[in-house]
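Only one structure is covered here, and it is reproduced in the block below.
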Amino acid sequence: MTYVKAVNAALAGAMRADPRVVVMGEDVAEGGPYTATAGLAEEFGRQRVIDTPISEATVCGVAIGAAQSGLRPVLEIMYIDFVALALDQLVNQAAKAHFMSGGQLRVPLVLRTQGGAGHRSGAQHSQSLESWLVHTPGLKVVMPARAVDAAGLLASAIADPNPVVVIEHKALYFRREDVPDPVEAVPLGVARTARNGRDVTIVAFSRLVYEALEAAEQLASEGIDAEVIDARTLVPFDLEAVLGSVSRTGRLVVAHEAVRQGGFGAEIASAVHEAAFDLLRAPVQRVGARFTPVPFSGPLEDAYVPGRAEICAAVRATLVS
Amino acid sequence: MTYVKAVNAALAGAMRADPRVVVMGEDVAEGGPYTATAGLAEEFGRQRVIDTPISEATVCGVAIGAAQSGLRPVLEIMYIDFVALALDQLVNQAAKAHFMSGGQLRVPLVLRTQGGAGHRSGAQHSQSLESWLVHTPGLKVVMPARAVDAAGLLASAIADPNPVVVIEHKALYFRREDVPDPVEAVPLGVARTARNGRDVTIVAFSRLVYEALEAAEQLASEGIDAEVIDARTLVPFDLEAVLGSVSRTGRLVVAHEAVRQGGFGAEIASAVHEAAFDLLRAPVQRVGARFTPVPFSGPLEDAYVPGRAEICAAVRATLVS
Amino acid sequence: MTSRATRPHRLAAKDITLSRWRHGFKSRWGCQQNRGCADPADRGATNAVLGSTWACLRGADWAVSNPERASGPGATGEAVTALELLGIMWRIRFFEEEVPRLQRAGLARGLLHLSVGQEGVAAGTCAMLRRDDLLYTGHRGHGHAIAKGVPLRGLFAELMGRLDGVCRGLGGSMHIVDVEHGLMGATGVVGGNIPLAVGSAMTARLGAREQLTVVLFGDGAVQTGYFHESVNLAALWRLPLVFVCENNGFAEFTPRSAHTTVERVCDVVAPYGLARQTVDGSDVIAVREAFGVLAAAARGGEGPALLECLTYRLRGHYEGDAQKYRAAISQAEWRDRDPIARLRRRGVSEGWFTDEAAAVAEGAAKEAVDEAARLARESTAPPLELMERLVYAQLEPA
Amino acid sequence: MTSRATRPHRLAAKDITLSRWRHGFKSRWGCQQNRGCADPADRGATNAVLGSTWACLRGADWAVSNPERASGPGATGEAVTALELLGIMWRIRFFEEEVPRLQRAGLARGLLHLSVGQEGVAAGTCAMLRRDDLLYTGHRGHGHAIAKGVPLRGLFAELMGRLDGVCRGLGGSMHIVDVEHGLMGATGVVGGNIPLAVGSAMTARLGAREQLTVVLFGDGAVQTGYFHESVNLAALWRLPLVFVCENNGFAEFTPRSAHTTVERVCDVVAPYGLARQTVDGSDVIAVREAFGVLAAAARGGEGPALLECLTYRLRGHYEGDAQKYRAAISQAEWRDRDPIARLRRRGVSEGWFTDEAAAVAEGAAKEAVDEAARLARESTAPPLELMERLVYAQLEPA
């Protein structure tokens, strides 16, 4: 099953199980540009699969209000770049409502979106913006790499009583992998060891997990045995899993596609430095995009997007020092 | 002169010197709630001191369009919390226009705003959100602590051909300090050593600079000699200044008011770990707010806002290990 | 005491006409530019299943659903007499007048936006609602909360950041929430409450609940994108929602004329065909009448409506505002603007109540407010650990 | 060849009437709710100094200011004949038809939104502008760029990510900018270009420049907050700005009827009193006439306007769209919708040009497009270091 089909299956499963679950967003009734919501309108009707105008700011607020009053909306924002339009509602309303109301309100909202570069989509359709969200108390943030996690984490997100942002990756949508049917929920906040290794730990999420695994294969041929951890959930973050691995390897590389400066890699690196300074045989190395907008031109975009080469280089840097 | 009066003087000076400079924002012609723009409408007229409706998203875009076509707008967004409304324009248009146009467009825009807690303003009027901006290639970000820097950095920001976000702090507005008249420009990207010391380096910005200085006094009484660096500009960041200090002290504390998780402190800490791992005698300690919205209740807000106590504790933590 | 004026409309809820959920332009619009596409009317084809799809929700575990109707003033629209309206307005007035005293005493802190002069809107709208109707307000919301039945003590305590505050002291003046009384949200982001109200109305619509949502906001909010996007959505989905704009002519220190060329908020929504009316917000009876008509229609499935109340903010934008930007109102003018004085004069002259009864209502309100303020002072600060405990909701209700 | 139809309006610019910068409601609005405040008319008192304040700007170092008028088609509104309009539309049509070929060859990449069927809007509006008039477009902007005079080779090269692209390959199809030809921006964020256009018009207004700003967007953008906030501001400040909406009835795969109850975009702006008109976008002459009237008024200081063009998108939303959501158009219908075929028929029958002249124009357009595509292929990829060099502008122009 493809990653996007797994998302689709998780949505259908949740809608079947719970009549409060509704799907909202632009073109969702037509399946959306990536077919994530294909077939849902046919099965559940257009009252639960709700096409919305191009009004991201308000539609996000509508989903929040709907969640506060009893529904379980799964809102799709077509590109994470447009989450910028909805950030006031997400940050100032959804994330704070439970807290500000002294616990009276709950916002069981899922915001599904997708990000990432590599598709020649230009600077406004290719960003990785999870950093904004991980800095916002009250939100949970999920970035699945595998189809099975895209489905399983989405199922958990829908069941969660808090606003959860699920960030998919456009370059993963048509990857094929085995996914159990029906979808099994994957708990939020639990990382997964994607490859065992002794020499160095690589923490990655979303598309970079595959790059890390390929980097690990490459490094294996050089005699370096890398452990790869797929963080899966950014908030809450499974720091224990990372520390456990680092306590064995003594070296850490953190890899994401977002711009390195101010990226979530800085948080992981800092937290690990703080907690395990004496275990580290080298400073944590961070892999992330250079500090530029995403260029359109193919060769430039390819140079821009961080991948296995940068991960290999970062791993080697942890080994020289 | 107070900090806010220094801002006011810098605005007036820039408007006198360059007819392209216009000030825009809600209630700016009436001086705004903190008097930052007081008297400007009287001196420069309402064509250059432009009251705008409560339409932050669009008004930010208007300022960008005005900047692209020849003006030098200084846009005020009353609270940084509402920058969330304008983020699409700021990030997707202003920050990328020069790049995406292959260098044809320039956006000499200044976005002035203010953030910070401590005033019992509640969760939606007290945030510190610079993390969103430092992660955005194409923006410059300034957070002055002193009146003289509030004026001098603003002057440089107005002269800069790029979008610059100047984040003031509401709790500093009515602090008094000497400021030269006329205002002298302070270059962007240059940190300032606020106090010399040998044992530990504390990097702070905005209000936390004062907390760091007070912490240093307190620590001095315990025999700990702290150096305090006022970063002043976050993007571009003066990493050399910090590394230079750390090469002498071997210990670093980074302090800001924003939520610690995903805060700019993580970036500084990671960059210093990467560049100076062998010089560090202890892991970099980060001071920042806990991962909660800003509470309204006084005692809770006081406990929430990080200050000298947290800085002292962090410094001590660098000394035990 | 029952008069024509005090019971102008029974807000009897009709069943929501589900088939009105629309996905095609009404035939009068024609559909020329969609030629060549699947008939947009097809989009409405699934309407037939809505009833059964949503029927299951009626009994479901809604976060907020309290079909029981409270009986006190401020909780039900069916029994609010003119005298009760007077009492509600007095409660708001005395509450708001107490706030600056608490502020001076260092007890109430932060940004305090009072509604003295605007009580007619609060009483004429919120007091007409059922307890389980949902209300959203903004930064100037004390009066709305009081009229909806939120206890005075919990309000005072909230402004003082105390544990007995309606939000346990975590929200503050701009963020009053009292789910039990249907006050679902107040926001300090101007206009930010409007989409939330659309969302609640959507829930009611999809669940076929007999529930009205009302959102109150100022004239300044009308220039936000939120307002327009929300009006469009509410009209598109024919939601049971009433937009109530308190047009006091100012946004902070700036008159409406510097924000827009459209003087009347009602005119702004004309393209959407919303039912709408502009009324004198100082005339609580007029507000109540107009609101009653619009609310009944919205509740009955006839789609959203907008009520614009022209009103006057007696005090500054917030406590501390020196108000250099406007001249003080004359005594004579205030006499005319003051919704309380006006109702009292009219109520006596129409024979709705006696002057003595009015004085008793005033006294009772004063006493209730004083007592609430006194009790609120006794409440303690919330414990520090509340902060971290309330960032995330737990799976099982705490 | 000069006919009544080809020169319906001289776009002679009047001096901008500075005193029209407004800060008070027109007297017809009255100002009741502002009683007690400083007279809003006072806000206009500084208008008198505007002339002198801004006079200094006329000669200042504007980022974009090119008073020279180019003379080729697509650059000046004064010499565009019907035959030239035909040629412009053919250039757009051939350009757009070349794009899928480049895509199949792996040369043009990314999200490609074509405007086949909508050429009448581009030609009828953009080709009427002066070179230094400013234009903003969106994701479906190739045609607008061509009509404004942007060189075809630079456009093709941009779609191919090459160094000779108008944006040196950094922008791509959705982000065409050509400052030299007054194309100030294209954005992939639907509606995001509208505020930018308001900003440019504000610059022209404050600088008292004889410059018009035009922004083009689709019907989907009308539901964005940006549109409403922008219309309000443009009306408030009486900006020299024309909003042009290409209403093709769809936003991606969803018909307009699922996005709003307001079928006609013109109706949406009625409350703001904008000059406005809805025209058949397949009739380029009608578009040009209507646009000419609105543009002249806006340029002349009479405030902003909106032109709604009902149009038809022949291809999918983007290249690759299977279009399951709509039925294919019939041949007969397309004959009627095709703006090129229509102008050709009419031009010949009205005697504006001969069929031979039309064939020559078509051939010339085809040749120009083919040549441009060929030359564009020869351009190389931009150097990698360009990326980091262009994140920030340097103090002195590079």
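To keep things simple, chains are lettered A, B, C and D as they appear, and every chain counts its residues starting from 1.
Methods note: a contact is a pair of C-beta atoms (placed from the backbone, for glycine too) under 8 Å apart; a residue touches a chain by one contact, two chains touch by 3 or more.
All values derive from a computational prediction rather than experimental measurement.
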Any chain that touches chain C and chain A: B, D
Computed distance of Cα centres, chain D from chain C, in Å: 42
Chain B-chain C separation of Cα centroids, rounded to whole Å: 37
For chain A paired with chain B, centre-to-centre distance based on mean C-alpha positions, whole Å: 29
Overlap residues in chain B, where contacts from two or more other chains coincide: 29, 52-53, 55, 57-58, 81-82, 85, 88, 92, 99-100, 122-124, 137-138, 291-293, 295-296
Shared-contact residues (touching 2 or more other chains) in chain C: 23, 43, 165, 167, 169-171, 175, 187, 189, 223-226, 229, 232, 236, 258-260, 325, 386, 390-391
Overall pattern in which the protein chains touch one another (line/ring/star/complete/other): complete
Residue numbers on chain A that touch chain C, as the complex places them: 19-20, 22, 29, 41, 44-48, 52-53, 55, 57-71, 73, 88-89, 92-93, 97-107, 137-138, 140, 159-162
Residue ranges of chain B in contact with chain A within the complex: 57, 81-82, 84-85, 87-88, 91-92, 95-96, 99-100, 122-124, 129, 131-132, 134-138, 235, 258-259, 261-267, 269-270, 273-274, 277-278, 282-286, 291-293, 295-296, 321
Residue ranges of chain C in contact with chain D within the complex: 22-26, 29-38, 40, 43, 223-229, 232, 235-236, 247-250, 255-263, 267-268, 270-273, 310-312, 325-330, 333
Residue ranges of chain C touching chain B (in the complex, touch as defined): 109-111, 161-162, 165, 167, 169-175, 187-191, 220-221, 223-225, 251-254, 258-260, 324-325, 381-382, 384, 386-388, 390-391
Partner chain A, residues of chain C touching it in the complex: 21, 23, 43-44, 46-47, 49-50, 53-54, 56-57, 60, 62-65, 134, 136, 165-171, 175, 177-179, 184-185, 187, 189, 192, 194-204, 206-207, 225-226, 229-230, 232-233, 236, 386, 390-395, 398
